[in-house]
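Right after this note come the structures.
Look for chain A in each of the two complexes below; its partner is chain B in the first and chain C in the second.
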Partner chain A sequence: MLANRKLILAHFWLAFAVFGVALTLGAWQMFIRSPIGTWLSNPELYYRSLTAHGTVMGYVFPTLVAMGFGYAISESALEQRLVGVRWAWGGFWLIVIGSIMAVIPVALGRASVLYTFYPPLIGNVFYYLGVVLVVVGSWIWVALMSINLRVWRKANPGAAVPLAMYANVAGSYLWAWTAVGAALELLLQIIPVAAGLKATIDAGLARVFFSWTLHAIVYFWLMPTYIAYYTIVPRAIGGRVYSDSMARISFILFLVVAMPIGMHHTFADPMVGAGFKFIHSAFTALVALPTLLTVFTICASIEIAARLRGGRGLFGWIRALPWDNPMLLALAFSFIMLGFGGAGGLINMSYQLDASIHNTQWITGHFHLIFGGAIVIMYFAIAYDLWPHLTGRDLIDLRLIRTQLWLWFIGMIVTTFPWHWVGILGMPRRMAYFDFGDPAIAPQALSVTLSAIGGFILLSSGILFLVILARGMRAPQAEAGPYRFALAVHQPATVPIALNTHALWVALMIALTLTNYGYPILTLAMTEGTSVPAVYVGAQ
Partner chain B sequence: MSAEDIHGSAEVAARVERRWATIAVIIIVMMALLAAFAGIHRATMPQPRVETTDPSRIHLSGEFVESNLGSVLEANGNVTVRAIGQQYSFTPACIVVPVDTPITLRATSADVVHGILIQGTNINTMLVPGYVSEQLMRFARTGDYLMPCQEFCSFGHEGMWGKVKVIDKTDFAARAKAGGRLSCVGQ
Partner chain C sequence: MMSARDLFTFSNPHFTRGVGITAAILIVTAITGFIVLPFAQPWVQFANVWDAICSAAGVPQRAATITAPGQDKRLSEVVLTSNTLSRPSQEAIGRGATLAQRCAICHGPTGISRADSPNLAGQYAAVIYKELHDFRSGARTNAVMSPFAVNLTDQEIADLSLYYAYLPRLPAYHPTPQLPKPNIVIYGAPMRGIAPCGSCHGSLDNKTGSPWLEGQSEAYMKAQLHAFASGERRNDISQQMRNIARAMTPQEIDQAAAYYASQPPDVVKAVD
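Our next item is the complex of A and B:
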C-alpha cells in the first residue's frame, strides 16, 4: 500500500469528478447542436458549456491525474518517503480554489471565451486568475518532483534513476516550461485588460504566446499515458520492457521537441511569416519520432510477454496475449486510437494540407481521438491499476472494467470518425447550432447525429468508470503489496549520465524554444499599431 | 541464460532497434523534404508575409473602407477581393468572383478574431484584428459556396455565414465594366 493514499486519492477523485461533469456537458453539446437536439433558444448557453468543458478537460483534469500519478511514482519507484507532503496539499488546494474561482464567472456567462481565451475577447478577470492558480498549484508539484529526485540521488549516488521517475520528472519539466507561454499571455496581456488597467491588446502576439502552450500541453497530457505504456502494461501482462534506454530517449525527445513546434497551430494566421511556419512544421514532424520509437518498443515488450506465455509464429503470438487483462485491452485500444489520431495529426501539421481542415470539425475530432481516446483510456487503466494500492481493496469485477473500456473505445470511434468526415466537408468548429435545413448543410446531418450518439456512449462509459471506482472503495479489504513497475529485459545498473539526468535536455528545450519563438515574439512585440480595442464578454 | 547469451541477445535487440529508429528518421526527413519541395517548387504554402493595419481606423481610410470592399477586375485580368469580418457578418456578405481566374483575397477583422473558410475548397484563413490576411485562390467550377466564420467570435458566431458566388468569366467582365466594387449582396 502507498503511504500517501489520501493525497493521491484526493487528486484522482477530484480529477475524475470534474471529468464526469465536463463529460456530461460535452455529451449535451454534441446533442444540442445535432439534428436530434432541440433548437437552443439561447446559443450563449452553448458557449458557457463549451468554455467549462474545455477548461476542465484541458487544464484541470489531466493536470490532477499527472500530479496524483506523479506522487505515486515518486513514492513507489524511488522507494522513499515523499518529501514535501504539506506543499503537495497546498498545491492541491490551490487547484481547488482556482477551479472554483474560474467556474463561477463561466457559469454566470461572464467568461465565455473558451479555454483558448481568444483575445481581444475579454471575460471576467476571475476566470483568468482561477486558471493561473491552477497552473501555480501544478508548479508546486513540478518543484516537488524535482526535489524528491534530488533527495534520492543524494542517497543513491550514481545509481540509475528508475525509468518511471525519470519520465515523470521529464513530464513535469515539460509542463513547467510549456505553461510559460500561456502564463505570459495571461499576465502580460490579458489580465491587465480584464482588470481594466488597459483597454487594448495585441491579438496576434497573444495567439503566438498561446501556441507555445497549446501544442506541448498535449505532450504533458500524454506523459502519464506513455509512462503507463512503458512501466505498467509490461508488468501487468507478465512481460519486460524491451529497452530501457530507448524508453529514456523517447521521453527526452518529447522534452526537447514538443515545445518549439506550436506555430503549426498558426499556419492560417497572418501574424507569422512563412519561414517560422516552415521551421515549426518540420519540428512537428520530428515529434513523431518518439511516438514511432514507443510503438516499436511497446509492441516488442508485449511480444516478450506473449512468447513467455508460449506464443509462437510471426503474428501467432498475438493470440497468446492475456486478452482478458484490462491493461492489455486498454493498451490495444489506446494504440488503435493513437494510430488513427496520429495519422490525422500528420495532416494537421503539414505545411500544405492544413489549409483544407484548419478550424473545421476535423480538428475537434482529431484531438478528441488523441486526448479523449488514446490518452484518457490509459488514465482509466492507471486508476484501475493503482486503485487497490490506494484503497487496500481489490477491484474484483474485471468484466465490468472490460465493458467500460470497450464502451469508451466504441464511443470514441463512433464520435470522432464522423466528426473528421464533416470537417473534410468544411463544417466549422464551435458553433451552437447548424441549419440542417440548408441543402448545402443537410448532407452533414447523418454524421453529426452519429457523433451525438457516440457522445452518449462515452457518457455511459464515464459513468460506469466512476461506479467501478466508487464500488472499489467498499470492496472487501485485501493487501495489494508494494506498487511495482515493469523491469527491462536488460535492467541497467548504471546508465549514461545524459540518460540519467535532465539538465542537458532542459537546456536544449529552452534554447530551441528561444530560437523558434524568440524572433517572432520580439518582432511582434516591437511592431507598433497592432494593439486593438478589447471586446468585453457580456458587455454587449 | 549464461552471461554470453545475455550479451548476444542484447546485441540483437540493439541492432533491431537501430534499424527501426533509422526507418523512423528516414520517414520524417522525407516528409519535411516533400513539404519543402512543394513549398518552393509549387509555391504551395501558408500566407508568407506579415502586414499590419489599424482596425480602429479601417472604416475611415485605407484599402478596407466600405466603398473599396468587394471584387475588382485588375488590369492584368486577375481579380482582387477585399473583405472584412466583424461580429457577426462578413462585408460583403456575398462575394462574387469569376471562374478559372487567379484571385487574391485580402481581408481583415474590424473587432475580434474571425476566420474565413470556403466550403468545398481549401481556402481557409484567419482574420486577426490588426493584421491583413492574404490568400490566393482559383475556382474551377461555377456555383454557390458557403463561407462560414471558422473561429469562435462570441455569442453570435453560429450565425456568421457568408456566401461566394462563382460566375462565368464573361458575365463577370460585363458586370465589372460599370466600374466600382462588385458583390452579390441582395441577389
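Our next item is the complex of A and C:
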C-alpha cells in the first residue's frame, strides 16, 4: 500500500537527477587530472567541481534516497498511510531550496571549500546556509519516521515492529544525532565567520566537530543498503531472512558503535590526544561486527532460497541461485565491493597503518569503493524494486538492468583499484593536476589513466540507469500489487522490548559520544589562542 | 504495553548486557589507551600514571622546561586577517595623503614608481601595512626604506596603507607587450612543492597579505625572489616565500618577473 507515490517518486527523481549531474562532474575530474587530459589552466575550476561533486554525493543524494525509501517503508511495512504528508513535502522543498542556495555560490567559485568544509578556508555564507537547510529538511523526515512508528504502536500495542521499519527508524535516529556535529561546526564556528561577524576560527575544534558527523554519516548512507539486503533481496529471490533477531542486533549495533569513532579521521591531527585516538580506533574495529553478522545472515538467507530451488551440496547451491535476477546480481556485486572496501577500511582505522595511506589517493579510492560501490549499487536495486510500485508500470528489460549493474561494478573496480594502488605509492589526494612528465611519478601514469577510464564506465552506467528509470515511466501499465518485505524463517510474533524499541540504544549512542568526544571538545573550546585567521575563498 | 520501566531495568537482560558490555569495552580501551600504551613507548618518560593519562588525553601543556632557541635575526610580528584595515575612513586616507609626500620621491607622486621601487597605487592595504611594520621592526631591511619607516607610528602606518590602497591603479612606466602566462605562474611546479604564483598573487586567486604584482618592476621582483632564495630577506611568514624561491630555477624567476611586469594593473580584480 503506497498511498503517497508522488512524494516518494519526487524524492527519488531529485536524488537521481542530482546524482547524474555530480557523476558527470566526477568523471570530468578523473579525466582532467589524468595523463590523458591537459592541465587545467585554472585549478580553482577543479576545486569548484570537487565541491559540487562532494556536496551532492555526500549530503543531497543519499539523504534523499534514505528519505524516499523511508517513506515507502513506513507506508508499506506498517500498512498505514503516512502521517504528516504536508510536513514531508515541506522537508522535500527545504532540500530543494537548500541545494539551490548551496550550489549557486559553488558554481560562481565563491565556495570552493570541498564538502568537508576545511576551515580555516571559508566560502560564501549561502553555501553553508544551503547545507543547513538540507539537514533541517532531513530532520523533518527523522521526526516523521518516529511519529509514524509511534502512531502504529498505539494501534498495535505490543506487536513486533516490522524489521524494515525498525531498521529505518534506527537509521533516522543515527542521522539525527550524527548530523549534530557538523551542525555545531556550521552554526557556532563557520557561519559566524562566513557572515563576517568574526575573522578567526578554531580549525582544530571544527575538525573534531566534523569528525563527529563524518564517520557515522557513512553508516547513515549504508542503512538503506542494509535494509535492502535484509528485507528486499531474500524476498526478490524467493528466500527468507535467516534470523530476524540477528538483523535487529546488526542495526542496533550500528546505532551504538557507528557514532563514537569519527576521530580515526583525525589520526594525523595534533589537537586530539593519542588516548582518545586509540579508543576511537578500537570502537571503529567494532563496526566490523554488525557487517560480519550481516554478511553471515544474508549468505544464510540466500542459501535458503537456493536450497528451496533444489540446490544441493556444500557450495553447489550457489549455482541454483537465480543469477538472472538483478537483485541477486546487485547483492553479489555489493558484497564483493564491501569485502574489498571493508578490508581497506581496517587499514584506515588502524592507528599505525593509517600513517602510510593518510591523505593519499588510497582514501579517495576507499570511500568510492564503499559508498559509490557497495552502497550505491543497492540504491539502484532499491529503485528497480520499488519503481513498478511507484509508477504502476513494469520494468520490462531485465537485460538492460543487468548490463547497468555489471557496468557499475566493473567501472567501480577499474576506478578504485588503481586509485588505491597509487595511494600506496604516495600520491596525495585533492590535487588538481600531477606532473606525469616528472620521472618520479611517470610510472603512476598508467594506473591513473586506467582509473579515469573506469570513471567513464561509471558515467555510462549512470546514464543507463537514468534511461531505464525514465523508460519505466512510459512502459505499459501493470498493477504490481502491494509492496512486501522479506519474511523471516521464524517470523516473530513478539520481540523483546529492547529489540522492538530504540531508546536503550539511542541512550548508549549518546553516552558513548559524551565519553569519546566530551573531553576533547571541551578542552579545545576552552583553550585560548587556538584560533587562526580565516582564509576566504574567492573573496575578490 | 511496553514502557521505559521494563526497558531500563537490571532485570532486563538486554539492558544489563548491553550497558555492561559497552562499559566493559570502554573501560578496557581507556585503560589500554591512557595507561598501557603511553608506558609502552620507551622513548617517552612519565613521572607517574596521572602524567601518562594527561598526556594521552591531550591536556594542553606549556613546555616550560624547554627554552626556544635564540633568534639572532628579527622575524615579522605582524598578524593579518582578511579584515585588517578593511574599513577605511576618509580622514585616515587624508592623513595618509599628507604623509605620503615623503614617499613620492621613490614611489612616485601618483604611487607609480619611475625608479624600480614598488608601485603602491591601489596595492592592498594589508600588504603595505605589513611591510611598513616589518621595516620599522627590522624584520625587513633596506638602506633607503628603513630610515623612513623607523619613526612611523602605528597610526601613521595604517593611514599610509589606506591612502595607497585608495589610489587608482594606473599603468606602469615600462610598457612591454603583455606576455602569456608561464607554467610557474599558473601551475607552479607540483613535484618541487611550488604552488602557482597566481594562486596567491593574483591571476588565479589572492590570499591575505600577498601583494598583487601586475605592472611591478621586473628588476625589483627578480631582486626580491633572489633575496628570498638566499635568505637575505626573511620577513615572510613561516618561510612561505623563501621555500618557494629556493626551489625555483633562475629561468623560472626570470619568467615570473617578466610576466607580472608585463601585465596592466587593470587586470587585478577589484577587491575593495
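Keep in mind that, in the parts below, the second predicted complex is superposed on the first by the 538 of 540 C-alpha atoms of A that agree within 3 Å, B and C clash if a C-alpha of one lies under 4 Å from a C-alpha of the other, contacts with A are read in each partner's own complex, and residues count from 1 in each chain.
Here, a residue touches a chain if its C-beta (ideal position, glycine included) is under 8 Å from a C-beta of that chain, and two chains touch if they have at least 3 such contacts.
Since we're looking at a predicted model, the values are computed, not measured.
Contact-wise, after the overlay, does A:Tyr433 reach chain B, chain C, both or neither (first, second, both, neither)?
Once the two structures are laid over each other on A, A:Tyr433 reaches both partners.
Answer with first, second, both or neither: which of chain B and chain C does A:His358 touch in the superposed model?
first
When the two structures are overlaid on chain A, which partner does A:Met271 contact: first (chain B), second (chain C), both, or neither?
Both partners, chain B and chain C.
Quick one: classify A:Ala199 as touching chain B (first), chain C (second), both or neither.
second
Between chain B and chain C, which makes contact with more of the residues in chain A?
Larger number of chain A residues touched: B.
Quick check on the superposed pair: does A:Tyr536 touch chain B, chain C, both, or neither? Answer first, second, both or neither.
In the superposed model, A:Tyr536 contacts chain C only, not chain B.
Contacts for A:Ile318 in the overlay, against chain B (first) and chain C (second): which applies, first, second, both or neither?
Touch status of A:Ile318: no partner.
Based on the superposed arrangement, let me know which partner A:Trp505 touches: chain B (first), chain C (second), both, or neither?
second
Check whether A:Ala282 is in contact with chain B, with chain C, with both or with neither, and answer first, second, both or neither.
both
Quick one: is A:Glu44 in contact with chain B, with chain C, with both, or with neither? Answer first, second, both or neither.
Both partners, chain B and chain C.
Would you please give the residues of chain A that touch chain B in one complex and also touch chain C in the other complex?
Dual-contact residues (chain A): 43-44, 271-274, 277-278, 282, 286, 431, 433-434, 438, 440-441, 527, 533, 535, 537, 540.
Which stretch or stretches of chain C touch chain A in the complex?
1-2, 4, 6-8, 12, 14-15, 18-19, 22, 25-26, 29-30, 32-34, 37-38, 53, 55-60, 79-83, 181, 186-187, 189-191, 196, 199, 204-208, 269-271
In the complex, go through chain A and note every residue touching chain C.
Against chain C, the touching part of chain A is residues 39, 41-44, 157-158, 196, 199-200, 256, 271-279, 282-283, 286, 431, 433-435, 438, 440-441, 496-501, 503-505, 507-508, 511-512, 515, 519-520, 523, 527, 533-540.
Within the complex, which stretch of chain A touches chain B?
Interface residues on chain A, with respect to chain B: 43-44, 46-47, 112, 114, 118, 120-121, 202-204, 207, 242-243, 246, 266-274, 277-278, 281-282, 285-286, 288-289, 292-293, 296-297, 300, 346, 350-352, 354-356, 358-360, 425-426, 428-434, 438, 440-441, 489-490, 527, 529-533, 535, 537, 540.
What residues of chain B sit close enough to touch chain A in their complex?
6, 9-10, 13-14, 16-17, 20-21, 24-25, 27-28, 31-32, 35-36, 38-39, 44-52, 54-56, 87, 108, 111-113, 115, 117-134, 144, 146, 148-158
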